[in-house]
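A, B, C, D, E and F label the chains in the order they appear, each numbered from 1.
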Amino acid sequence: MVSPVGSVLTVMAHPDDAELWAGGTLALHAQAGAPVSIALPRTNEVRDREAAAGAEALGAALRLLDELTVDALRGLLTELRPEVVITHNAEDIHPAHQQTAQTLLTAVPRVVIATGHPRRVYTCDGYHNLRRDGRPLHLPVIVDVTSMWETKMRALAQHGSQPIAEHFAPMAQTLGRLHGGRIGVRYAEAFAPLPILGRLPASPHL
Amino acid sequence: MVSPVGSVLTVMAHPDDAELWAGGTLALHAQAGAPVSIALPRTNEVRDREAAAGAEALGAALRLLDELTVDALRGLLTELRPEVVITHNAEDIHPAHQQTAQTLLTAVPRVVIATGHPRRVYTCDGYHNLRRDGRPLHLPVIVDVTSMWETKMRALAQHGSQPIAEHFAPMAQTLGRLHGGRIGVRYAEAFAPLPILGRLPASPHL
Amino acid sequence: MVSPVGSVLTVMAHPDDAELWAGGTLALHAQAGAPVSIALPRTNEVRDREAAAGAEALGAALRLLDELTVDALRGLLTELRPEVVITHNAEDIHPAHQQTAQTLLTAVPRVVIATGHPRRVYTCDGYHNLRRDGRPLHLPVIVDVTSMWETKMRALAQHGSQPIAEHFAPMAQTLGRLHGGRIGVRYAEAFAPLPILGRLPASPHL
Amino acid sequence: MVSPVGSVLTVMAHPDDAELWAGGTLALHAQAGAPVSIALPRTNEVRDREAAAGAEALGAALRLLDELTVDALRGLLTELRPEVVITHNAEDIHPAHQQTAQTLLTAVPRVVIATGHPRRVYTCDGYHNLRRDGRPLHLPVIVDVTSMWETKMRALAQHGSQPIAEHFAPMAQTLGRLHGGRIGVRYAEAFAPLPILGRLPASPHL
Amino acid sequence: MVSPVGSVLTVMAHPDDAELWAGGTLALHAQAGAPVSIALPRTNEVRDREAAAGAEALGAALRLLDELTVDALRGLLTELRPEVVITHNAEDIHPAHQQTAQTLLTAVPRVVIATGHPRRVYTCDGYHNLRRDGRPLHLPVIVDVTSMWETKMRALAQHGSQPIAEHFAPMAQTLGRLHGGRIGVRYAEAFAPLPILGRLPASPHL
Amino acid sequence: MVSPVGSVLTVMAHPDDAELWAGGTLALHAQAGAPVSIALPRTNEVRDREAAAGAEALGAALRLLDELTVDALRGLLTELRPEVVITHNAEDIHPAHQQTAQTLLTAVPRVVIATGHPRRVYTCDGYHNLRRDGRPLHLPVIVDVTSMWETKMRALAQHGSQPIAEHFAPMAQTLGRLHGGRIGVRYAEAFAPLPILGRLPASPHL
């Protein structure tokens, strides 16, 4: 009755976004045996290599797209038929994050009608848990990732060209503890469900 | 990892509220073998009898309180140690619903510190899914109750002194279909989680 | 003092959208003698014919646009000078609905400065009354369409190539009853006013 | 089809509140021949006399209550059976305004079940259009009171013991112009509808 | 032109609340030479002594009230005439926090009319930055307290009878870093301004 | 400790927007000796001349851009390195305002990473203080511009080709008084801070 741990595809803007915002959850799904994929636009040789290392650390397959377009995403969604898709929040501060989310959301309806997948779409956290209007993001789906925290941080550390130790690791720590505190565990990641053609995720019971 | 189907206590204002707003979910928990209780203030002989018949139809125990006070609720919570508590929304249109929710929320913290229960608190839907400011209620936890719909409606029909056929059954139908449509099933009930001493429910995965 | 029943233009994305989200209201205006128009981008022969049949059932004129562009809408608005325009919600789930609303809102200001029309713009409901962030749409203008319900459903049924009986008719029923229940009638449609150059609709009294 | 101009009862905390927040609308209803009443708790001889003068200027009957209790309001509502009730916003900055609104809302449901009245309840504006959390009040029902503006200001001026010229008249001017600008007229007053037992006001058309 | 660092009075429910939610800011004001007071209801000998030690560590005066009533607060506000008052959020999860905030807000208007003080009122953060409806608190006034962080944590540690090391210190760390990250410093505390009789704090420039 | 009065760049859609929404604040910064610039797309000879006269009246430099593109704004931001940027609200009613805000927000992140500027970004008010969904704009940063009001109105009056006396000056008066009333002064302008790469403005104290 409870949805089993399903396959996941993340569609994000930058090579370290999947690790930063959803790394623990991806590792959790991967460990449970579900196929996990990270789709990204190609950046450059260095960052693409870091992305591959980060994905490997999480147990995920990396899918580099020449360009992150509606058509490219439709192709990937049709091929992978993921249970779950994770993308940025439409209210995210970063214009590239917004643009990525918008492209994904434009791609989804036709694929859902054709294939029935994805079944659930979630948006992830953003810089310092803020919306672009300066208000906090409301992310009601909170996943305990304590057991995967080291994996997440190791995956994040693969992005050596980025200011991980100075900026992103401390921010991830703070957000992990914030969401963790809200469900009474050490570390958590938080998400918001999006309706697909009017469909939201169901809860099997209370 | 997924929370098992836990015991439930509903604390509501009127004898037909549990059936109306959460009857399907209560029946679902009861059918799964979890103890389900309905706490109510005594009304009068007729309505108390209807409440007993409604509770029985759902597979729930009825707990009539002489008065719905903070102390009475603390006693009941300490005795029952429910996993889940359901009450009205603090933004509910009906003043008696608001008052009941406020009393329950005042009772909860001390009991949680002493007993660790309840672990999750949810608020339920209200008249025509409206808040008292005229905006729709946002209820992100949506439970498929299709299999329990007849049970719910039969329980609701026990309240023969109330305008069930004229008002409450059609409203329940509409709300059941509204929430059902949002998760792609025939009938659903919807709830919003409340933080208990800062703790919200966790999701085991996406 | 009360605004008379004015002419209406709907600008929506798909051939069945006008019927689905505003069919009762359009029929109400048409029956009161106001010119009602439905603007749509051409789709294909089958769906264009269904659109014509749907419009006829509502008493509306169909205006098929080769493409739904800002210029095409400016031309149509300038020609028709409608009192009221109805379009999708900017927070609608469907990307094509959002895009249509954005195009209309871009077209409107220059036409209003030149012609004084439209005087009022409203957005309509969406799939299962949901915003794209999963929250319910707040639609405070609720129109009793009980007398036009059969007309609306007959118009909707003209779209034979679409899953009307399986999906759209039941959803329309549920939303019609939801909004109807909120104003104490059998069926209603609900809308939200948008400011045009800072102007919102006025109420003649309380 | 459009609701006719109905009788109105205002229930507010202080002797000048009815004039300040709804004076133009009350005068409009009174001028259209509808009975208009202003209910207030007795304050002292001076202010009660000012309240009488203010009410007279608006064409309203003054109803002084020894105390503004649920029972007193139930008695008054049952006697007057007003079409419309206006009270403060539940989010109003002033604690006495909140308390008054809460008392009225507690009184209403039983009277509505017994008498069918009031049919519509509205909340009014507050100090500088602010909610108690510092956000602006959202008041979607905007009534053109340009023709009654002098009447309103004359009624407000009856409250000679209060800082009308220094504080309240300028604030009323600013709010009147703010809401007026939003509907393209010189002066307006704005309100928000509240659901009564789940019922909101209906719009006859768009 | 910029408001100088003013005197502060905190009005909170429990002996450790001032340290937990505003300790760094209080220490900052105290260090700048402004009188800082912490008002609390008496609890018991142990906790009152901890409160005194915590206040001393922050450089604040402790004011124990026999009961936290509207009259007691009016007396204290009239005596101290603070520039700034800090209290709990009206949307706080804890019923005692809500009640304290409500009592303070009821006390304020009459004192402001009589004395012109306080000039600014702020609400503070709550458990895991959550509102009682499970959404995050929006606290737009963010104060850099990095230089006072050790002082705050030392003051918090005075409350030896409470689970500081297990619960409150880690939560304070996480919230301090969350708000700090949002303004680019190590630790911050965050607040929301409340209108006093319709007056909000002014910014001298951008 | 308090941020000094910093340099400002406004990026808006039309030649009179800077005066209308931020003229008093710009004059305040200019008078304090901070460089103030107004960036605009070229319109035509008449309006460009009016823009120059308006800017001069405020003590600001005018920067006419051939086209308001991401690249043009990046160039300007890199050259000027302003402390503060002001643009339209993303929820503004006018499509051109939204588009301008979106272009600026797309330009900002890369420049901030490269130069550390701007340090703060604010959005301004809009027509009748309304969002495009008809709700009021929440603008928590309120600046007293009473001393600059005549300067602002004189600058606004330079736009002789526009309906200033009929429309914009009265609207500016009303909004100036609305925001002024909220901080207890005669005239104010109001803004909302936006996070830049997750950074919001800090308050030095309460």
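Basically, a residue touches a chain if its C-beta (ideal position, glycine included) is under 8 Å from a C-beta of that chain, and two chains touch if they have at least 3 such contacts.
Quantities reported herein were computed from a predicted structural model and do not represent experimental measurements.
**Student:** Thinking of B-D, which of B-E, A-B or D-F forms a repeat of its interface, with over half the contact pairs identical?
**Tutor:** Equivalent contacts to B-D are found in B-E.
**Student:** For the chain pairs E-F and B-C, which is connected through the larger number of C-beta pairs in contact?
**Tutor:** Result of the comparison of B-C and E-F: E-F.
**Student:** Once you find the CA centre of chain C and the CA centre of chain D, what distance in Å lies between them?
**Tutor:** Chain C and chain D have C-alpha centres separated by 34 Å.
**Student:** What's the distance between the Cα centroids of chain A and chain E, rounded to whole Å?
**Tutor:** Distance between chain centres, rounded to whole Å: 37 Å.
**Student:** Going by the touch rule set out above, which residues of chain B reach two or more other chains?
**Tutor:** 128, 130, 134, 140, 171, 181-182, 193, 195, 198-200
**Student:** Chain pairs in touch?
**Tutor:** So, checking each combination of chains, I get A-B, A-C, A-E, A-F, B-C, B-D, B-E, C-D, C-F, D-E, D-F, E-F as the touching pairs.
**Student:** Touching chain B in the complex: which residues of chain C?
**Tutor:** 128-130, 134-138, 140, 170-171, 173-175, 177-178, 181-182
**Student:** Looking at the complex, which residues from chain A come into contact with chain C?
**Tutor:** Where chain A meets chain C, its residues are 90-91, 102, 105-106, 109, 192-200.
**Student:** If you look only at chain B, which of its residues touch chain D in the complex?
**Tutor:** 93-96, 126-128, 130, 132-134, 171
**Student:** Quick one: in the complex, what on chain F touches chain E?
**Tutor:** On the chain F side, the touching residues are 2, 5-6, 8, 25, 28-29, 32, 84, 86, 120, 122, 140-144, 181-185, 188, 191, 193, 195, 198-206.
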